[in-house]
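Each chain gets a letter, A, B, C and D, in the order it is written, and its residues are counted from 1.
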Amino acid sequence: MNDKTLLNVKSTRRQVLGGAAVAAGVAAAGTFVPTRFAIGAQANVKIGFLLPYSGTYAALGHNITDAFKMRVAELGNKLAGRGVEYVMLDSEAAPPKAKDNTARLILKDKCDVLVGPVHSGVAMAMAQVARDEGTLTIVANAGADNITREMCAPNIFRSSFSNWQSTYPCGSVMLKDGIKDAVTITWNYPAGKQMMQGFKDSFLPGGGKIVKEILIDFPSVEFQAHLTEIAALKPGAVFTFFAGGGALKFINDYAAAGLQGKIPLYGAGFLTDGVYQKAGAAANGIKTTLHYSDALDTPKNRAFRQNFESNAKRPADVYAVQGYDAAEMLRVGLEATKGDLGAQDKVVAAIEKATIESPRGNFTISKAHNPVQDIYLREIVNGEEKVLGVAHKALADPATGCKMA
Amino acid sequence: MSDVILETDGLSRTFGALVAVDGVTLSFRRGQVHAIIGPNGAGKTTLINLLSGELPPSAGTIKLRGRDITRAKADEVSLLGVGRSFQKTNIFQSFTCFENCWLGAQSRLPTSMRFFRPASVYREVEARARRAIELCGLTHRCDTPAGAMSYGEQRQLEIGMMLATEPELLLLDEPLAGMGSEEAVQVVELLKRLAADHTLILIEHDMDAVFAVADLLTVMVNGRVLETGTVEQIRASKAVREAYLGDEEGGGH
Amino acid sequence: MRAGPIGMDFSYYLIQILNGVQYGFLLFLVASGLTLIFGIMGIINLAHGSFYMVGAYLAYWLTGVTGNLFYAILLGVPISVVLGLLIERFGITFLYKRDHLYQVLFTYGLILVFNEMRSVLWGNDVHGVPVPDLLSGAIPLTETQSYPVYRLFISLVCVALAACLYLVIQRTRLGMTIRAGASNREMVQSLGIDISRLFAVVFGLGAALAAFAGMIAAPVSSVYPGMGEHVLIISFVVVVIGGVGSIKGAFIGAMLIGLTHTFGAVFVPQAASMAVYAVMALVLLWRPQGLFGKA
Amino acid sequence: MPRTPLPIYVLLALGAVALAVYPLFGDVFYVRLVAKVMVLAIFAMSLDLLVGYAGLVSFGHAAFFGVGAYATAALIAKAGIADMAIILPVVLVAAAVAALVIGWFSIRTSGIYFIMITLAFAQMLYFFFHDLPFWWGADGVNLPRRGLPRLAFGDTVILDLSDRTVFYYVALACLVLAFALLTIILRSPFGRVIVGIRVNENRVRALGYNVQNYKLVAFVIAGTLAGFAGFLEASRTAFVAPAHLSWHESGLVLVIVLLGGMGTLYGPILGAFVLVMLEDWVSGITEFWLLVMGLFVILVVLFLPNGIAGLVSTLAQRLRPPKPDVGKPVEREVEAADV
């Protein structure tokens, strides 16, 4: 374990370079204690993050990491009495590197627990290695349905959502709003298609009609031609999923093309999360569904947001919540065995039974290890996000194909 | 007199607005040494490049042994038995002398698309390469990297490489360029030897050498053929004297 | 499901053509610099797309500082030119006599450095740049269809720039040198023209054009990591189609690709990205050196 | 003609032996990493045949790597075929056909044009696998471990690539075989011609060789070998994604060739080794791995144009009595542009 020194340098340097002051004490306390032997319950728990720290998704990776560390810091920098140590590996959101990176965290860095990726492609590759090696893994964002469906495994949990889950309630919402036909538009990649499937699963059986399904090359953001087409088709509404830069551009283009206010825009929550603040007036009137809202007015959420912002000097978001809850899930599991990860089946059983108290509201874990959670309906009103209510109470992913479900 | 091996009809080549070769009609007879002379920029090298297929002509035709080769590429022309040497030494510097000639000799295999047998098992190629080296007088330099040989030797190798392809017709672009007088003598001797069983088309500035080896001379000026004739005829031509030789002789020849 | 855009009306096609042309104009700004740098300097510059990205991020940053995109452009273009000149002086200079392989790898290394510096300076977030108020409207064409004023503005500015470029290249002394350089590099060198100054001017001009394209496109494309590489590769295709060193070729290639991309996205959405390359392959079948390349 | 000196062969043989015994005592993680290096080395060697020997700077070589990987994945995941006796021929033919078509377009050009066209065609294939629904889209596909290629004789499984140790030794054997194959090809008449083409294309043409045909064949050989490397990569990670064909991958393998030293077959092996180890080391220290990589590439271009192999031979020459200059492999001899 002579790479110990490297890891220390890394952790501290990341704190400085990333400007992430969250739980700096944790990192120091956690990493400067030499842990020559990671055997038994006395040594530190070594947690490996495989998250994007560079490129388009870097902000997500940092929020998940910092919120995770924040939760551990709240617990006195210990999980079930054991110290905590972190290894952070940049996934570069590059699926081909995911298997080698996962192997590195497990085999070289000897991590006890993996906290998983943002990118679905990375997640699938990571889940396969984690399943082979049997390492406890918590997926803290990637929503690929398969992870808790056909690829589900006892040692793999998700603290976030499944793609299907985040859009399924929206179909009913639109029908209730009196919309009879819609155009769907998203990127031509698995996440996009899964999001659309969730929407269709409720919109079509309820009598809705889909006028046209538009798929755009990922990650192209040239929407203009398609918006022109939508304007000509004049559907009752547009349902969409984009995230990050694509979402911002879509919202702006939608308004610039004169469609805002004429054809209502619905979408998965990622369309506006972290985006509406930058989009300004162009985002007004957009309705989305998601398992969280920045505007949730609960004591738990208020405290969480305040705490995160004072630590990280930037506002919390849904990704931070998912990182925070990943730490909470790990705490529940570890406390059941007094910190002994060797008894993995007991750890798993404890997490399966738990009710996680989350800033998003309490949720439980399904047999397939995906959260069973409330999905909120949100709307952007005058540049602010408003929670209109719960679109679907305690929604569980169908977990099709999972042998554990 | 022998029959015609190569002939051109109205051969022209332009580069943008510049007419480098302008309506050249010539015929070259088998077994002869036919020198092409003219001042710099007369279009001699371009003419050689057209004949060897290096450049496509803008107009006119080229016939080799009566067959039209106007559109033939350099490699096709070479396979028809036309070798060429370059004015600027154009050998493989990092190869040995032998390897340079080998590559020339190997081109006469039915195909070089052979992947698994080492090149060295092809005895006939080796024999051909050695013959060429001997002919150009470089046997003692066989295994020297070409880049390490003297300039004169490199010029000889330039010709040797061409000989390794066993051509019938040789296009020689200033074989004496940049040589000292002793080296030049050697190459002139080589040219004389080659003239015995090859047809030579020769561009050369060294008039002594040209007069020593050439059977027939063509004078080119500004891309055009001014006159063609024997050494005596050209020496006697008034037009040539005015356009070209006059200067040279006035210059102390 | 209604089948695609069949039966759409005239205004629909008009808008789609405008969309394609506007995209083409942006590509032209990037590709013209690229083709000039190829043609005159003999340099293959993979980092050219990075100037586009830098331009966009400068637009974002300076718009935030000055409050207006126009001021951002006024300040940003000189910054990009200086950056371009620095890179030419302290980087590209070493590559003039080197094989293309080294140029490719050197500028590939530059891309990585640019990306990481961008990450350090501006982070990895995606940012929007507001359209200037003056140009924020849309021109209504039918009940639901309209065309954003700002996109029209982009096209007009690009037309003006293309015209300027044409006049400079056809009518001025500098332009004459550039034309001569593009058709025969050795000749220019032998004519006693200060070649290192010419190279610097060309590289600076290329950098300025690409950065300007990034700036003016920022409000419609938003600003995101990796935006330069996408534009770079498409611009390569434009240059290949037009022929290395030909501004005219770059223009026609850019329009062709802009329209192909737009209509491809509408008619064959599954193969829109491939359509662009298919067009390139077809052009190469017909003319291996590109439309206006030297044979 | 550049020749590999005997001591190098001795060192290479020792290296192969060292690789063969490494799994017996090596750390599991590094054994995995070495397997990755070997696959990458085969891939880089195939590119070196183009760049270092035939003088064709391809910036789209990852396309064939990806075609090989996708052909493997399609047979396994779509058709449920795990038999190497079927997978391998399909992979090789698919990669060869792709190389033939792309080569046919690209070979007709040279220089900057060639670079851009190979890049553009690789991008086209990237989108082919990325956009068409048949190919699993942007996230790629995970292959079932149990479905990975194996070679069976009747009911007896001889080689099962899902076994890490078996894979390691198969990759090692393939590396040695690829090295031997390319060495043989370079010594053949064909090899002599393509080496000549790199040094001086016009002269080779003037000697009577149809240069285009030789280039095309070299392109196809290199593409096929790259496809084979793609097959190994798909078997190694049980994962295939469009990113395998991305232009960053093409850039990376070009960096490996240059770093190791082009025009030598052992150069790419060294390059792959150094780059992978460097990444492993640097990404443990800082998250700015790509910045380090970028600066590293720039420095190599400026100060190590002949790569590690070039450095080694320079050092060797200093130790030995001075020999006549054999000409730099970097520069091309330029044809006089006479009129």
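The rule we apply is simple: a contact is a pair of C-beta atoms (placed from the backbone, for glycine too) under 8 Å apart; a residue touches a chain by one contact, two chains touch by 3 or more.
Nothing here was measured: the structure is a model prediction, and the numbers come from that model.
Graph distance from subunit A to subunit B, where chains that touch are one step apart, equals 2. The chain pair A-D and the chain pair B-D differ in C-beta contact count, and the higher one is B-D. Once the centre of each chain is set as its mean CA position, subunit A and subunit D turn out to be 37 Å apart. Inter-chain centre distance (subunit B to subunit C, centres taken as mean C-alpha positions): 48 Å. Between subunit B and subunit D the centroid-to-centroid distance comes to 41 Å (mean Cα coordinates, whole Å). Distance between chain centres (mean CA atoms), subunit C to subunit D: 32 Å.
Each of residues 54, 188, 217 in subunit A touches at least two other chains.
Touching two or more other chains at once are residues 127, 130-131, 288, 290 of subunit D. Looking at subunit B, one finds that none of its residues touch two or more other chains. By the definition given earlier, chain contacts exist for A-C, A-D, B-D, C-D.
Chain contact summary for the complex, subunit C toward subunit A: residues 1-2, 4-5, 8-9, 12, 15-16, 19-20, 22-23, 116, 119, 123-128, 130-131, 136, 138, 140, 142-148, 150-151, 219-226, 230, 261-263, 265-266, 269-270, 272-273. On the subunit B side of its complex with subunit D, the touching residues are 15, 18, 20, 41, 43, 45-46, 49, 52, 54, 73-76, 78-79, 84, 86-88, 90-96, 99, 102-104, 106-109, 112-120, 122, 125, 144-145, 147-148, 161-162, 165.
Within the complex formed with subunit A, the subunit D residues making contact are 27-30, 32-33, 36, 127, 130-131, 136-140, 142, 145, 237-239, 241, 243-244, 249, 280, 283-290.
Contact residues of subunit C toward subunit D in the complex are 38, 42, 44, 91, 94, 98-102, 104-106, 108-113, 115-117, 186, 229, 233, 236-237, 239-240, 244, 270-274, 277-278, 280-281, 284-285, 288-290, 293. Contacts from subunit D toward subunit B in the complex involve residues 1-2, 184-185, 187-193, 196, 199-200, 202-211, 213-214, 217, 324-327, 329, 333, 335-336, 338-339.
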